[in-house]
Structures are given as C-alpha cells and as structure tokens.
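For reference, chains read A, B, C and D in written order, and residue numbers begin at 1 within each chain.
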Amino acid sequence: MPTMEFQGKQYEIDEDGYLVNLDDWSKELADHIAKTEDIQMTDAHWEVVNFLRDYYQKYQIAPMIKILVKEIGKVMGPEKGNTKYLYELYPGGPAKQACKIAGLPKPTGCV
Amino acid sequence: MAKFTAKPDELSKIDFKPPKKGWMDTPVEIKEHMFCHAAKPKELDVVGFPNAHEWRPNDEDWKLPENWEKTLLEGMRDLLGKYRSFRLFMDICVRCGACADKCHFFIGTGDPKNMPVLRAELLRSVYRGNFTLAGKILRKIAGARDLTANVLKEWWYYFYQCTECRRCSVFCPYGIDQAEITMMGRELTNLIGLNIGWIAGPVAACYMKGNHLGLEPHTITSSIEFFVDDIETITGIRVNPTFNRKGAEILFVTPSGDLFANPGTYTAMGYLMLFHELGLDYTWSTYASEGGNFGFFTTNEMAKRLNAKIYAEAKRLGVKWILGGECGHMWRVIHQYMDTWNGPADFLEEPVSPITGTKFENTTSAKMVHIAEFTADLIKHGKLKLEPSRNDHLKVTFHDSCNTARGMGLLEEPRYIIRNVCNHFQEMPEDTIREKTFCCGSGTGLNASENMELRLRGGLARANAVKHVHEHYGVNLLANVCAIDRATLTTSMDYWVPGVTVAGVHELVGNALVMKGEKERTQDLRLEPFPGKEGNE
Amino acid sequence: MGAILSLCAVAALALIAFIGVSAGHLQYLFGVIIPYAALLIFITGFMYRVLKWGSSPVPFCIPTTCGQEKSLPWIKQNKIDNPSTTFGVVVRMALEVLLFRSLFRNLKTQMSEGAKLVYGEAKWLWLAGLAFHWSFLIILVRHLRFFIQQVPLPVRMIEGLDSFMQIGAPLFYMSDAVILLAVTYLFLRRVFIPQVRYISLPADYFPLFLILGIAGTGVLMRYVFKVNVVGVKEVAMGVVSLNPDPKLLEGIGVIFYIHLFLICCLFAYFPLSKLMHMGGVFLSPTRNMVNNSRMKRRVNPWNYPVHIHTYEEYENDFREKMKTAGIPVEKE
Amino acid sequence: MKLYDGGKIIAGLIIFFFLVTFPFFLNIGKVNAKPEPKIDTPEIQKLAEKKCIESKAFMRAEHMKLLNDWRDSAVRNGERTYVNSKGKEFTISLQNTCMHCHSNKKKFCDECHTYMAVNPYCWNCHIAPKEKES
C-alpha cells in the first residue's frame, strides 16, 4: 500500500492518492491534500468538503453531483447552485477532487 | 500514476503492423492507462475469493501464491470438464483471422494480441502444451507453450482487455466466442487472487448491500425521493414509488447506476413517470437493487450468487412477475443464465401486461420482461399519450448494446419506442449496429478511470460511427438501453465526438410522455429548458 | 518460418514414400498397411475427440444471436439467425455447414484518412473457403469410383458435372483446378496479410501443403505421369474388401504411392489437429442452440447450491436505517 | 465418460462412421470381378504381327489422349494420316482403324470403362459397331 507523509505521520492512500481510512482525515490533512492538488481552500471550498463528509457519514457514499449542486445552491444561493460553479472551485472535478480532499474514497461512476 | 492526457488525434494514429518477432517471443508489456488497479484483498475476502493478496500489475513480482501453476492448470482441467464451449473453442480454431478486425480493442490499439484469435491463443497455447497429445510432443511447432509468470501476466493483461462483447463470434465460421474464453481466463485469474478493483469492489458491495454502487436502503429511497422532487418540478405531479412492498404485482429491477449516476438517473426518472402514469402496481426493492452483475465478470459461481437475490426477493414479496430496466450485460445474464442458475421460478406467474393484457410469450419460464418489450407493447396498443415534438431538438441515433444484441436479440423494441417518442431518428452505418454493433469500449467492469486510454481506444469504433452520423445528419443524441453505456459513452463522446449527449431510451419516453394533469412542461428531465421555452419559467 | 518448416515436412513425407517404394519396394507397407492404419487412426481419433467434447456439458443456453429475437407478435423475428425453434436451428446450422453463413458476413475494417473507419466487402476468404471445401468434397465423392464395384449413378453424375466442359482427354475436372487455386489463395493470404501471418502456426501451413501435395500428385497422375488406373482400382477394391492382393501392387507407378501416403498422413493427422473443426462445427453451442432461454428452462447438470447473502442477513445489517427511511421490515 | 446430448452425438458419429466406411461394407467378403479386355477378335487373329499402332503400355495410358488428338486432326484439320513412333503410317479413323481390329466394343472398351465408371463420349457421334453375340 502506498502512503502519504504529513507532519511526520504516514497515512495509507490508494493508487490514486485517496485516503484509505476515513478516520485519518483532519482539516490540516485536507489542507495539505488540497495543496498537492493546487487548490487554495476558501470557505466555499470547505462548504463543499463539509457537505461531502456529512453526506458520506449518513449514506456511506459520495453524493451524486446533482445532489451536491442542489445542496450548495441551498446554502450559498441559487446562482451558485450549478455545476459550473463547482468546477470553478474544483477544476479537477467536484466529485474526484473534492472527495479526495474530503478524505472520501474515490467515487465510482456507474458500475 | 501520470495523468492521461493524449489528444484524440494522437490516439487515433494507430499502428497495425505486427512486430517482426513471433508473438510467443514478444513478452507482454504492461502499459500505463491500459489496465485497472488490482483488487483490494478485503473486497475479495468479503465474498470469499481465494488467494486475496496485495499486488500491483506494474510490479515485477505479483506475489503469486505457492503452486500457482498447479492451481491454474487444475482450474483449467475443471473448466474444460464443465464447459463444452471451452474445450471445443480450444480445439477447433483454424486461425483464419476473420475475427481479427472485428474487435474494437484491436481496431483501437492495433495490438495483435487484441485480435480475438490471438487473445484466445494465449490460453490455447497453454492448453495445447498441457492437455493435447500433439502439443505435448511437438511443443512449439504445435503452438504449445509452458505456463510461466510472463504468460500469466499476458493472460491477465489481455483478458482484462476484452469486454466479452461477442462481436467476433458473429463472424467466426465456427461461432467461437471470445467472451467464453475470456470468462474462462478470468475464472482462472480469480483462482489466484488476480482480480481488478473496479470489479471486485462492486461485487463485494453488491453481495453485502444489494447493488454495485453500495447504496444502502435509505440511500436508495433518498435518491429516488430526489428524482420524485425533480419530476414534480418538471410536471407538477408527485409520483409515489414504493419499496420492498409485499403483494405488489410487479417487482422492478434495474441497474443501480440508474439510481446514482448521470445520465442514468434521468432514465430512472423516465421509469418513475411511466409507471405512475400507468398506475402500475409495482415495487422497487432495496435488497434486489441491482440488475447488473459484475460477478459475471469474475466467476460463474459469483455471478449466480449475486443474481440469486432477484428471484429470492420476488418470492419474498409475492409478486407475480419481474420487470427489468435498461441494461446490457444484465440482460445477457437474465436472458441466458438466470433461470438455469436460480430457477425454476415456479412461484411466479407467466407475465401479462396489466395495461394491455399482452402475454409476454418469450419469457414464460424466466418470467422477467425487458422494459423495452413492455413499453413497445404499450405504445403499439395506444396506451400512452406521447408528444414526440418535445424531443424535436434531438437528432437521435441508437446504440445497440453488445449483450442485448448478440446475447438476446432485442433490436426492434427500443427502435420502435424511439421512433414513437422522437421525430428525428437516424441509424448509424449498417456494419456498426444490430448484431454487428460495437462495444462502448468499457464493458465487463473495465469502466474505471485509470485505464482511460484503453477505454477510449476501445470506444473508438463506436465513436467513429457516431461521428459519421453527427457530421452527416446532425445527430446530437446517442440513445441506448444500457447503464454502462450511459456512463461510458458519455466519456467517449466528450472525447471523440463533442456535441453528442447520451441518454437512455426511457429518458426520451419520460420527455415525450403526456401525463394526466401535468402542467405545461418547460423543462426536460435534466431540468434544462426545452428550446423555445427558455423564457417561460 | 512456420511455412518453410511445413513445406519441408510435406516434402519429406513425399520423399519417404518415394524412396520407400522405388528403392525399398515397400509397396505393401505403403499400399496396404499404412492406409489401414491411417484410416483406423482417423476413425477412432475423430470419434474420441468428438466424444471428449461430448463429455463436457453445455451448462447454459448461449447462442450468439444475430437478428431480432422472438418477441411481441407484431415484431418480425429473424427465425434463422435468432432461432426460437429447432427447425430454425437446423436451417441455421445447414447454412453454416453448407454455405459458411457466418464467414459470408465477413467485413474488412480499415482506417482511412482522418481516422475514419470504413467497412468494406470481404468475401474472398468466404469464397476460397467454400470453393476449397466443396471441391474437396466433390473430389472425395469422385474417388468413390475406385471403391465401389458398380459405381452408383450419383457418383457418376457428379463426375460428369465436374468434367462437363469436356476439355482434353482424360477429361479435365474443374474441381482439380478449383482446389489448387483455392488452397493456393488460402496459403498466400497467410503469407501476405501481416496479421494473418502473425497468427499462423506451422499447424496452419502444414495441412495446406499436405492438401496441395495431395491434389498436385493427383493432378500429375491423371494428366502427366499416368498410372495404371485399372490396377489402382483393383488394389483399392482389394483393400475395401479386406482382401488385398500383394501381387497387384507391383505394376503401379510410384507417384500413386506418394499420393496415397500423403492422404494417409492427412487422415492420421486429422484427429490431432485443427482439422477437427469438421466435427466441431456441429457442436458449437453459440450456433446450435435455440434462443429460448426465457421460454424454456435449461438445466445445468453441475449446478450446485451457493452461498448468498440472504434477505434476513441484509435486514439485520440495515434494519434501523430501513425503518428510518420508511421501508417495511420483516422483524421490528 | 458421461456423455451429454449423447443421443445426438452418437447419431452423428454413426453417420460419420458409415460415411467413412461404407465402401468396406459394400465389398467385404465379396470376390471382385476384374476387367479382362479381350483382344481375340477374328480380325486380330488374322494379323501376322499382332501389334497395335503403339506399344501396349502407351496405349493403355494414352489411348484417350491419342483418340482425342485423332479427333482434332481428322475432324478439325482434315489430316487423316498418323505416323507412329516407329514411322509407320496409319489412317486416322476410329471406325475403320481402331474398331476394325477391336470389333468387340463390349469386351474391349466397355469392360474397363464400366469398371472405372468412365463414360467416353466417342459414341455420341460414332456408331458403335454391330457385334455378333459369341
């Protein structure tokens, strides 16, 4: 298993750099992962990450994009409830990139 | 792993020249972006697959279990005794090469080992060396070779570069079906723990939670609830699906991708609207919440274990018959395997459409009806009020899924539906549809992201045909009846033919369906305004 | 490589017969013993291979369907390529065996400029294959005149048709030319189509050369190095009445023994090789099965019970979540 | 060895076996009559030197070709003289040269032709000589 080092500690990650253990996650670690993805975390970014983590806690899966869009629209105003806005926040894809930062497993599309 | 960045014009430069050296002397090269990650041991352990271990395909050492050669050869002997197809297809190929340029992976990669005949020879050579008299005596002259670690790697690499689409078998003069051979090859790799994550994960999830995506019961209801909200937004009508309801007439089973991945979700909305409009007495199940079967891409036994849920749940709920959603390999399994594995379904009744009274005479034993058969019958009997002009902005073509085309023969039903819910329909070139249809490029559990180059190369042939009708007839929508198609063709179209969207047939039905008491529709099922209705909101 | 090896092998076989008969005077060995042995190997080997296939079951109904299935009554079914009845299968198999239906579908896929895939007609392989197999059959039937005292009318008719152009004397057989041309084409495509060359094994060239050798010596014998045909028939009749007469073997030219030995090699090699496709084509489950698996349950003889994750276990895992979501449960 | 679909497979194999071996079944134990072409016609008896136009071996192997050549030279080219390998001249004529000596078509020609199932088309045009039943 590959690992990622942060603050002198080894964290297990998968082949694509996603944390293996959900409980390893911390805000600091998220910041660190974001940096490796060239993302500067803002409140808006955190809003997404927090929602993802909450949703995952409840459903054991990352939400569909359309659920995420709707939720962000609810919280941050309808003008931001769209995929375009999410892609501005996470150019690597709100599902893939944001999940990585949120410490969730890599989302599976359709299987 | 480096990100896959090759552009379409780079990828479509394909070298079809085989190497100078013979194929037995050309060792396999495991290339980035052409294979999927290894399965995680914990996922294999969930279902009790043997020899689960940590390994990486591009490592030199695959940490093979002790005596792996013996395990594989014994496995092979066992399979030869169980499947006439396997034994026969090992023996009778004359290597005429008619299959070679029929394979989408060969067309897209030019790699000679992706010619079905050669992909089969990888296994056949070891079969000859160990199970035939000529091979044992004449060795290489008879095309025989030993099973070595390199041969095994070659097997693994190429058996996970075949989507069991059966196109080769249409053209083979003896009907040799590479899908059968790949299935055997994958059975063998599963004996020594060499599965891929993208298959093992969904299999484990499906076993424990009922579906590939691992949607738990409350996730399913919340997701469908979400669709119900959207349907209300679009039509003003609130539909009321039920879950795990005993005494319903019909159990509805669809691939879980339709519940959680775009654009399959729109197809699911189409089902919900249709069933509501008909007043169908049906139920969803959270336990049998998967029509697809990734077990089918591992071993026969695993496929049977996952499939067993459908009949078991139908029995528990006491339904009369089962209706199945749009999916490709799901229908190969249901049509050709389910009754044999888990039948007889004598606790069910022979399916009759409660709306038209039509008896579905082609499924009197398995008792499971394809939704395209069901809907085509409704339309034929004039039971649906349709407004095809709502889809007038779409120029539609239809992609036959491999499994429904070549492992079933469901060709006209979806076309009939499309012609009734859309005004513009254009077929792709003759040699790329119906039984000659091309795979999306990512079937049999190869729709991961780390093997993107393989997927796009595999999807080239299909995309090329779409591009043809896109450029000549302005086709902008690729309809299909398969959940994997919906997900993977979207990626493939974005790459090869931008401007073409992908949709399930029942999404188009949902758009055209005029529901009793609906408000004037201004949005389609994707909540996008219909052209000309942008300002009405 | 494979081609040269195979050519050498066939040449060596011809040489063995030549030396054996002309220098070793082993007419009895080559004219009687080897033919009996070859036939015995052919018959028992062929049956063994077929029975071996038969010893493996066909657990699932896996026809490759090529056309519309039997569905709603108003949808036109393709009753042959997607048969739902035994009759349909019989027609499908007949077309397959007699006319090579599947190979007739063959296409040539090519990447043209601008990375466009084009699909062209590709009927040559089908044509050559069909020409080869049919001329082989006709030649076999024609040869029955050597094995039957009163040659029956159908055999004489086929012979008459085969030579109806009445060119030369002895009359020229069209099947001779066709088989030579067809086999030559089948060989050349193995050499000149890069992909086909890449997949070709010695086992693919060997039978081609062997058949070329057989047809070639046959043609030579008829038109150039004539042998005493009446004597050949006398020998053949002795063989099939299990009463071979060694005296008759002497007066026949050596080319006959080369021809016969190559045939014996083909017969003996047959059950060890891909030539078994002759029997195999009848057993192919993707072609010889009725596509009725939803109508009629197929029984897998080795079906066995498997572990499944039961509903009860599932509900135990998720009962609370189900209740919260309003999903009915069996146990509260 | 358990056999699946045994009925069909065995039936197929029986057909195969019969097709391959039926010449044996037709002939086993039978004494096969051999063709014995006769050259003892009165005309031949009268000859001083009982020799055909070419050697016996040549005639046996090549008579069909010779007759074909004769047909071509007589009918198509009007050439009616044949010079044999020893320089001796003969008139090219099936009726008057060949059949003059070999007046017994049934015992001379047909004996082998029937045995070999060869059906020469000489008699499509020529009239077969009348034979006295001996």
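The definition used in the following text is that a residue touches a chain if its C-beta (ideal position, glycine included) is under 8 Å from a C-beta of that chain, and two chains touch if they have at least 3 such contacts.
Because the structure is a prediction, the values reported are computed rather than measured.
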| item | value |
| --- | --- |
| Labels of chains that are neighbours to subunit A and to subunit B | none |
| Relative to subunit C, chain with the most remote C-alpha centre | A |
| Euclidean distance of C-alpha centroids - subunit A vs subunit D, Å | 94 |
| Cα-centroid distance, subunit A relative to subunit C, in whole angstrom | 60 |
| For subunit B paired with subunit D, centre-to-centre distance based on mean C-alpha positions, whole Å | 68 |
| Gap in Å, rounded to a whole number, between the CA centres of subunit C and subunit B | 34 |
| Touching two or more other chains - residues of subunit B | 84, 216, 218, 222 |
| For subunit D, residues that touch 2 or more chains besides their own | 4 |
| Contact graph of the chains (line, ring, star, complete, other) | line |
| Subunit B contact footprint on subunit C (complex, rising order) | 1, 5, 49, 52-62, 64-76, 78, 81-82, 84, 96, 100, 102-103, 105-111, 115-117, 119, 125, 129, 193-204, 272-274, 276-277, 280-281, 283-287, 291-300, 302-303, 306-311, 314-315, 317-318, 321-322, 324-328 |
| Partner subunit C, residues of subunit D touching it in the complex | 1-6, 9, 12-13, 16-17, 20-21, 23-24, 26-35, 60-62, 64-65, 67-68, 112, 115-119, 121 |
| Complex contacts: residues of subunit A adjacent to subunit B | 1, 14-16, 58-61, 64-67, 70, 96, 106, 108-111 |
| Of all residues in subunit C, those that touch subunit D in their complex | 39, 42-43, 46-47, 50-58, 144-145, 147-149, 151, 155-156, 159-160, 166, 168-170, 226-230, 233-234, 237-238, 240-242, 279, 282-283, 301 |
| Subunit B to subunit C touching residues, read off their complex | 9, 12-14, 16-18, 22-23, 48, 80-88, 91-98, 100-102, 107, 112, 115, 117-118, 121, 132-134, 141-143, 166, 169-177, 180, 207-210, 216-218, 221-222, 243-246, 286-287, 301, 304-305, 308-309, 312-313, 316, 334-337, 339-341, 343-344, 358, 360-366, 368, 373, 376-377, 380, 405-413, 416, 429, 431-432, 434-436, 460-461, 464-465, 468 |
